[in-house]
Amino acid sequence: MSNQHSLLLAPPLDTLEWINGTKPLTLAELKGKVVAIHAFQMLCPGCVIHGLPQASSIYELFSKEDVQVIGLHTVFEHHSVMTSEALTAFAHEYRLPFPIAIDRPSDSGAIPHSMANYQMQGTPTLIILDKNGCIRMNHFGRMSDMQVGGVIGRLIEEKSISSNAFEKPESSIDLASHRCGEDGCSI
Amino acid sequence: MSNQHSLLLAPPLDTLEWINGTKPLTLAELKGKVVAIHAFQMLCPGCVIHGLPQASSIYELFSKEDVQVIGLHTVFEHHSVMTSEALTAFAHEYRLPFPIAIDRPSDSGAIPHSMANYQMQGTPTLIILDKNGCIRMNHFGRMSDMQVGGVIGRLIEEKSISSNAFEKPESSIDLASHRCGEDGCSI
Amino acid sequence: MSNQHSLLLAPPLDTLEWINGTKPLTLAELKGKVVAIHAFQMLCPGCVIHGLPQASSIYELFSKEDVQVIGLHTVFEHHSVMTSEALTAFAHEYRLPFPIAIDRPSDSGAIPHSMANYQMQGTPTLIILDKNGCIRMNHFGRMSDMQVGGVIGRLIEEKSISSNAFEKPESSIDLASHRCGEDGCSI
Amino acid sequence: MSNQHSLLLAPPLDTLEWINGTKPLTLAELKGKVVAIHAFQMLCPGCVIHGLPQASSIYELFSKEDVQVIGLHTVFEHHSVMTSEALTAFAHEYRLPFPIAIDRPSDSGAIPHSMANYQMQGTPTLIILDKNGCIRMNHFGRMSDMQVGGVIGRLIEEKSISSNAFEKPESSIDLASHRCGEDGCSI
């Protein structure tokens, strides 16, 4: 995690609505914190069984001063049944403790705006931003809890950096060989 | 499982619709097989995480000649989002392999008809019928796979009985101390 | 489980010693019960992680009147450290609740006597006897809890049979394609 | 992890022998790396089921340049059967990939030397040293993988510090309310 390459500043979240009793958040106001964005769909088994419990563990384990967890509902299939109302019932039944944003649907295709802007490959995707708001990980599929903890631990301890001299996000590696499978739904 | 008491003949399934590519089934035509009815709601965490995988295991493990698995979608909350269309998408994404019936909604209350007729306490509920169509287990909440296997194994081996001399279903014991919790949603 | 073929009457357990606070058992005195023999080694990971917890579940789930669980320590490697004293400490620390027999070592080879007599392929092996003392399953490696429950449930319900018209044990199928791996140690 | 209090420099490991194909390591030569010492007993269920797999995950996940994992066999009970020879067979069967030291037995009591020097409360205990060789965590019992990953991630990223201005190790908190239970064996 030395900072030798250009890092990508995370694009703003383009959202339709925030649910789960929270006011809308902007990435700009979260500068200074590590941000973990868990992109999911409520009918994606890999999200329900692995991704969302992992996001809840991040929320419970790390200090709110250090880490902000955001759920992002990136619906790219079954749009008519994964509605805001359905998501609200889902979040209630699963007792999801963190703020959840609904990705803004596209007028012209299945992929919603934030999902496209972050070049996600499917759900679940875990995106981690450093304290400067730069994308440091963009991972489709399943990651071990220890690996997620390690990445977040490093970014918490990393000093905030004002220069532009950054390394490439890990996404370029992680996204190389993805396929559809039991761990998640690719586009 | 000696047959000393009166057993309850299972009431017919009162269903709105069958999904998952199957023609409607009647309990009458299933006489001679053990029947495992898994009552669930698609937004019930205990069903998604424990109950439905267990029902799929029953389906995969036992011979189709010996055991019929039926999923029963007994919606008693969030009716507006747990629709037939939503359930169809859910069953597709979770690759549920067995026939699924939608319990007939009540005109006058939240509890659908079959759920009421079987006096279920919530979801998940596993109901097991013997080869004569009598209720031999009616269990709300989580059961171990070994216990479920043991009950089904006994009922497969049990000789079909034409008399009315039956024992009481286990439900009377199982249902004694149920409460709301992580394993399921009680009414 | 119809009884069309010749079944093998289980050979007597040839044991050195019984530990875990129990008097020696003979298969002869267990006629009328289903008997589950879990053959293990205390340094076999597949036994410690899967097999022994499963044997404990059998012990806890089924009635003592219906099912007798027996642990059988079949040491075929590392003989000098898997001693009776070591096994006693192991059984104490893991709180194994069932009687445990130590298989009688061979004077001429690594494989102990009962292990050879039952033609076991390695550890863990689960052997299940019916109420007549005949071998109905002889499985090397991992089996699901539901499958084990199903087999035991059927054998509990099966009527004791005095004739010799039995089916072949399942071992002939199960043992076909075994190999060394994480689930167990083959000979 | 700001460094406001005095940190304890880890005492040298007082060992009898190193097994698992490795030459003896000293903490002095590991300065500059984070060191994870997993103290265990081969007959401790909490170690076998949770602690050792976690230590193996640390070994596999983090770069060898950043993190050194050490197993420490701290026998405080059943001394006569948890011998060096038995441990060697155990490490082989469980395929433990990291160097393992045998704690030096005490002449006068059950607790071996390193275990006493580090004031451990039982097994499993996970001790984590920073790059300066100071104790930053000393935890008896079970910790989540995410928490362990987070601590190690922070210490990897933390700059080496030459001053003596350190914070207290977390052990003082962690060790407050330990008791005997399924997660480990306390002294």
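The chains carry the letters A, B, C and D, assigned in the order they are written, with residues numbered from 1 in each.
Following the convention adopted for this analysis, a contact is a pair of C-beta atoms (placed from the backbone, for glycine too) under 8 Å apart; a residue touches a chain by one contact, two chains touch by 3 or more.
In this text, all values refer to a predicted model and were calculated from it rather than measured experimentally.
The rotation that brings the Cα trace of chain A onto that of chain D spans 180°, given to the nearest 5. In this assembly, the C-alpha centroid of chain A lies 34 Å from the C-alpha centroid of chain D.
Here the CA centre of chain B is 49 Å from the CA centre of chain D. Inter-chain centre distance (chain A to chain B, centres taken as mean C-alpha positions): 37 Å. Shown for chain C are the residues that touch two or more other chains, of which there are none. With chains as nodes and touching pairs as edges, the resulting graph is a single ring in which every chain has exactly two contacts. Counting only pairs that meet the touch rule, the chains in contact are A-B, A-D, B-C, C-D. Interface of chain B with chain A (complex): residues 43-45, 48-49, 78, 80-83, 85-86, 89-90, 93-94, 185. Residue ranges of chain A in contact with chain D, taken from their complex: 1, 54, 57-58, 61-62, 144-158.
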